[in-house]
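What follows is chain A paired twice: with chain B in the first complex and chain C in the second.
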Partner chain A sequence: MNIIVSCKIVPDDQDIQVASDRTLDYSKAKGTVSTYDLNAIEAAAQLAAAVEGSKVTAVTAGPASVDDSKLKKNVLARGVDELVMAADDAYANMDAHATAEALAALVAKAGDWDVVVCGDGSADDYAQQVDVQLAARLGVPVVNAAVKITPEDGALVVERVLEDVVETVRVPLPAVVSVTPDVAVPRIPGMKDILAAGKKPMEVVGAGGGAAASLETVACLAPEQASRKLEILDASSDGAVEQFAAALKAAL
Partner chain B sequence: MKALVIAERSDAARELAAGARTMADEVVLVSFGDAPEGIADKVARISVPEGAVMEDAADTVSAVFDAEQPGVVLVEPTRRMKIVAGKLAAHAGTATVTDVLGFEDAGARSLYFGGVAERVQKPVGDVAVYTVAAGAFEGAEPSGANAVEDVAWVAPAHPVELLDRKPRELSGVDLGKADVVVAAGRGFAEEADLDLARALCDKLGAGLGCSRPLTEGVDWLPSETYIGVSGLMLSPKAYVACGISGQMQHMVGCNRAGTLFAINKDKSAPIFRQCDYGIVGDLKDVLPRLVAAL
Partner chain C sequence: MDFSLTDEQELLLESVREFCERYFTEDVIKEMYETQKMPDEVAEAYRDMGFGLMGIPEEYGGIPADKVTLGLMIEELYHSSGCNHILYQNSLTMFDIVEFGSPEQIQKCMDAYLETGWPLCSLSISEPGAGSDNRNMSCTAKKQDDGTYRLNGQKTWVTMGEHLPYTIVVAKDEDPSRDNAKMSLWLVNMDRAGISTASLHKIGQQCIPFCEVYFDDVVLTEDDRMGAPGDGFMMLMKNFEVERAFLVAEQVGLAQAALEDAAAYANQRIAFNKPIANFQMIQEKLTEMEIRVQNTRNMLYKTLWELDNGISVQLDSALLKRYGCTECFNVADMALAIYGGLGYTTEVRIGRIWADMRGNMFGGGTPEIMAYIAGRQVAKKYAQ
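Moving on to the complex of A and B:
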C-alpha cells in the first residue's frame, strides 16, 4: 500500500510568548511537527506495517524555515520512508484552500497512492479543513475523526468517533482519512532511528506558483486579561485558610 | 444578500438561522430531515439515503448552493458538517473560517493556537463560509415561513458506505458544564496526593481537571480533562488551581472563570498575578485544612 501522510510544521506553542501589546512573539518558539500530526504519522506507519510491501511518504508545505535537517529527521525517524517538502515563504500562513493546493502538487509527485492520512487539526489554526479540501481537490472521498483503520482489498474500514455516535464505514481507495489523537500513540524515536532517518530520501521543492489566499487576517491578539482581585494570603498566617475558604464559599 | 444555513441538529439550525437573519435579507436552511418551525424563508430538505453517511450530502448541498447563490454560509461545527463546509468551500474556491465565536465589523473572531490569541479574519472573495460555535448570536431570534422544498439527492462519485452506528459512551464528569472546577498541576509530587484534590472536589461538588504535565507523560489523569491550549476551555463560576504555576498555555483554558482561586507553594508563581484569591502554601498542608474549613 502506498501511504501518504501530511503534516504541518508550526511554532512550538509551549514557547510562544505574549508581548506587552498582546501580539504573539514567536522568537523563542522553534518549528515543530504539529502535535496531532505525530499521531497521523504513527497511524500511517502502523497501517504500513499491517500491509506487506507498503511505503509511507510524508508531505508538508510551509515557509522556507521548515527546510531544517533536525525537523526532517524527526519526521523520517517515525516509520516514514520518504519525505517530500515544499519550503518557500510563499507557503507561510496558508489557509486550508491554499494548503490543499500546495499539498496536492506534492501528492502528485508520489506517483500512484492509496491513501492520504491527515492529523486531527493543526496546533495553530485547528480548522479541520485541509483533509476535506485536499480530498475535494484530488477527487477522492474523505473520512474524518478516525480512531481505527483496517485495510481491505481496495478499501479501508474506518471506525470514527463523532460527537455522539461511533460509526464504522467502508471507504473505497484512493481516499483521504483524518485521524483523532486516539488512533495511535506516537513513537519516541531512538538514536538509531534518527541516524537512519538522515539517510532516507528527502526532496525539497520550492513553491509551484504559490496558492492564493482566500482569507485575510485583520487582527491577531492575545485576549485581554480579566481584572482580578489579587488577594494573596500566606497559609502560615492565622486564619488565612479560613479566609480563603470563606471567599471560595462566597463564589459558589 | 442571501444566507445559507447548514445544520444537522435543530437547536443549531435555530441559532444559526437567527444569526443569518441579522446578516442577510433572505435565509435558506439546508436540513437533513424536519426543520424547526418558522426559522427560515425557505428550507431545502435533503433525505439521506439508507446506508449513506450524512456528509456524503456535500454534492447535494453544492447543488443547493449553486441554485441559491448565497453570499454567506453558516455551518454547524460538528465533524460531519465540517466535511460539508470544507467541500462547499472547495467548490466555491474559498476556505472556511472555522469555529467562529462572534462576528464584529472587521470580520469573524475565532481562537488561534488553541486560545493563545484571538484572530479576526475575513474572506477575500464574494462568498464567506463559516462554521459558527454555539452562543455566537446571543439574543437573535429566527423568523420565516419555512417554505419546504425537497432536494434531489446528488450521488457522490465515491460514496462512503455505512456499516455500523452505535451511541457513544461518554465517561466521567463534563467539566464544560461544571460550576466549580478544581485543577491539579505539577505541584502534586505523587499520584496518590491527587486524593487531596479529589477530597476538595467532593466537598465543593467540583469536577477535577489538570494542566498538561499531569496527562502527558505521567498519565495521572485522562487526557480529556486537560485544561488549556488545545484542551478544554472552561468558564465555571469558580476555578481552584492547585499546584499550577500559571503559564499562559494553561491560563487560556480558565481565564474566563468567574472567580479564580490559586494554591501554590511558590509565592512568585505567575498564577498569583492572575487570580482573585491566592494562598501561598504546600498542597499537602493547605488542601486538608481547606477541606476542613469548608
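Moving on to the complex of A and C:
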C-alpha cells in the first residue's frame, strides 16, 4: 500500500511569546512538526507495518524555512520512508484552501498512492479543513475522526468517534483519512531511526503555481487576559453546590 | 571552537526528553524509590529506543556512538528525569563484557539485554577492607588440582547485585597478600553454590539498591574467566576513566534539574513582599550554581572529546570527577538552601536529588582519591 501522510511545520508553541499589544512574537520559535500530525505519521507507519510491501511518503508545504535538515530528519525518523517537501516563501501563512491546493500538487508528484493520512488539525490554526478540501481536490472520499484503521482488500475499515456514537465505515481506496490523537501514540524516534533518517530520500521543490487564499486574516491576537473573579464559596455551608452551579451558569 | 550539536545529537536529546516525560512521571519515580526498583516497562522502552545499545559495536547489535554523544545522552537522561535511575549504569557492565569477554560471554550478555532490557550482570569490585585501597583486596581465586578454581571472599556496594543474574568479580590470583597485584575477572552466575548476599540500605539512590556478596568456596572454571589472567584490575581501570566521565554527565544533569527547580521557586516564592529572586543573597547562590554547572559541563565535554580523539585523560578525568561531582552536589545543596525549610521535606524533589547526588561523590572514586591521582600528575606536569 502506498501511504501518503501530510504534515505541517509550525512554530514551536512553547517559544511563541505574547507581546503587550497581544500580538504574537514568533522570532524565538523554531519550526517543529505539528503535534496532531505526529499521530497521523504514527497511524501511517502502523498501517504500513500491517500491509507488507507498503511505503510511507510524507508531504509538507511551507515557507523556505521548513527546508531544514533537522526537521526533515525528524519526520523521516518516525517510520516514514520518503519525504516530499515544497519549501517556498510563496507558501508562507497559507490558509486551509491554499494548503489543500499545495498538498494536492505534492500528492500528484508522489506517484501512485492509495491513501492520504492527515492529522486532526494543525497545532497553530486548527481549522480542521485541509483534509476535506484536499479530498475534494483529489476527487476521492474522505473519512475524518478516525481512531482505528484496518486495511482490507482495496479498502479501509475506519472506526470514527463522533460526539455521541462510534461509527465504523468501509471506504474504498483511494481516499483521505484524518485521524484523532487517540489513533496511535507517536513513537519516540530511537537512535537507529535517527541515524537512518538522514539516508532516506528527501525531495524539496519550490511552489508549483500560486496557491490562492480564500480567507483574509484581519488580526491574530492573543485573548485578553481576564482577571480572576475570586468568588469563593464555603463548601460546607448549606446550598454551596447550588450556588456554585448558579455562578457557573451565570458566567457562561 | 565549535560548540554546536549535530542534527542527530539534537534529535537524540529530543527523544530522550520525550522518553523521560513519558516514562519517568513523578508517580513512577516515587514508586521506584519506595520499592527500590525500576519498572520493567521502562527498561524495555529504553532498550527498544536503542539508547541502551549506544556505544556497543554494531557487530554485537549495538549502535556505534562517540563518547561526546553518549555523555550528552546521559546528561539529558538525568536532567529530564530528575532522578538517579539505573539506566546509565546498566550500559557500563555491558561495555566491560563486550570489551573483555569471550565471544560466548558477549553473546550471553547481548541475548540477556535484548530479551529483558536489563543487563546480564552487576560489578563486584569493592570490599569492606578495600575500596580506594584496592591493593588490599582479599577476594581470591585459587587453582585446584582438577583445573577448576575456588573463589573465596566478600564484596560490597555491589549495585543491583541482588537483582541481576550474573556478576563480574575481580579477584586476586592465588594469593590475597598485599604484594600480589595479579587479579583476574570472572563472570559468575549468582545462583551458583556458595554465593550469598545481604542487602545494604542507602540514604539516597534507593531505586538502585546495592548489597554485599559473599563467596564461599565457589567453583569457577576457565569458561567463567573474562579476559587475560592477572590483568583484571588493569582492565577495569582502563574503563574507569570513561565511566567517571559518564558519572559526571549524570551528576551535571541532576544539578541542572536542581538549578532549574530552585530558580523557578526563587521567582515564585514571596518574602518581604517580593520574590526571593530579587534578593542579592539568592542571586549570588543562583550565580554560583550556574557557574558550577557550566564549568562542569565544559570540563565534561572536553574530557569526552579528548577520549574520542585518543588523547590521554588520566589527569583530566580525575580533575573532572573531583570537581564535577563535588561542585554539582554543592549546586544541589544551594538549591536546598533556596527552598529553605520546604526543601528539607518530601513535598518537593530537591531533597531526593540532594541525597542522590551525595552518593555520586563516592561512586567511581572519591574526591580525595581523585586528588591523589591528579595531584601527583599536576606536580609532574610542571616539574622543572
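Note that in this section the second predicted complex is superposed on the first by the 226 of 252 C-alpha atoms of A that agree within 3 Å, B and C clash if a C-alpha of one lies under 4 Å from a C-alpha of the other, contacts with A are read in each partner's own complex, and residues count from 1 in each chain.
Here is the rule we go by: a residue touches a chain if its C-beta (ideal position, glycine included) is under 8 Å from a C-beta of that chain, and two chains touch if they have at least 3 such contacts.
It should be emphasised that the depicted structure is a prediction, and the values quoted were computed from it without experimental measurement.
With both structures placed on the common chain, the touch criterion links A:136 to chain B but leaves chain C unconnected.
Residue contacts after overlaying the shared chain place A:90 against neither chain B nor chain C.
Contacts of A:244 after superposition: chain B is touched, whereas chain C is not reached. A simple residue count on chain A separates chain B from chain C, and the partner touching more is B. Shared-chain residue A:236: touches chain B; no touch with chain C. Of the two partner chains placed by superposition, only chain C is touched by A:189; chain B is not.
Common to the chain B and chain C contact sets on chain A is no residue at all.
By the touch criterion given at the top, residues 13-14, 16-18, 22, 24, 35-36, 95-98, 100, 123-129, 131-133, 135-137, 139-145, 157, 160-172, 175, 181, 213-223, 225-226, 228-236, 240-242, 244-245, 247-249, 251-252 of chain A touch chain B in their complex. Of all residues in chain B, only 53, 78-80, 82-83, 85-87, 89-91, 93-99, 106-107, 111-125, 156-168, 179-180, 204, 223, 229-230, 237-238, 240, 248-249, 252, 255-256, 258-261, 267, 272-282, 285-286, 289-290, 293-294 touch chain A in the complex they form. Listed in rising order, the residues of chain A touching chain C in the complex are 69-70, 73-74, 77, 188-195, 197-198. Taken together, the chain C residues at the contact with chain A in this complex read 7-8, 10-12, 14-15, 18-19, 22, 48-51, 53-54, 63, 65.
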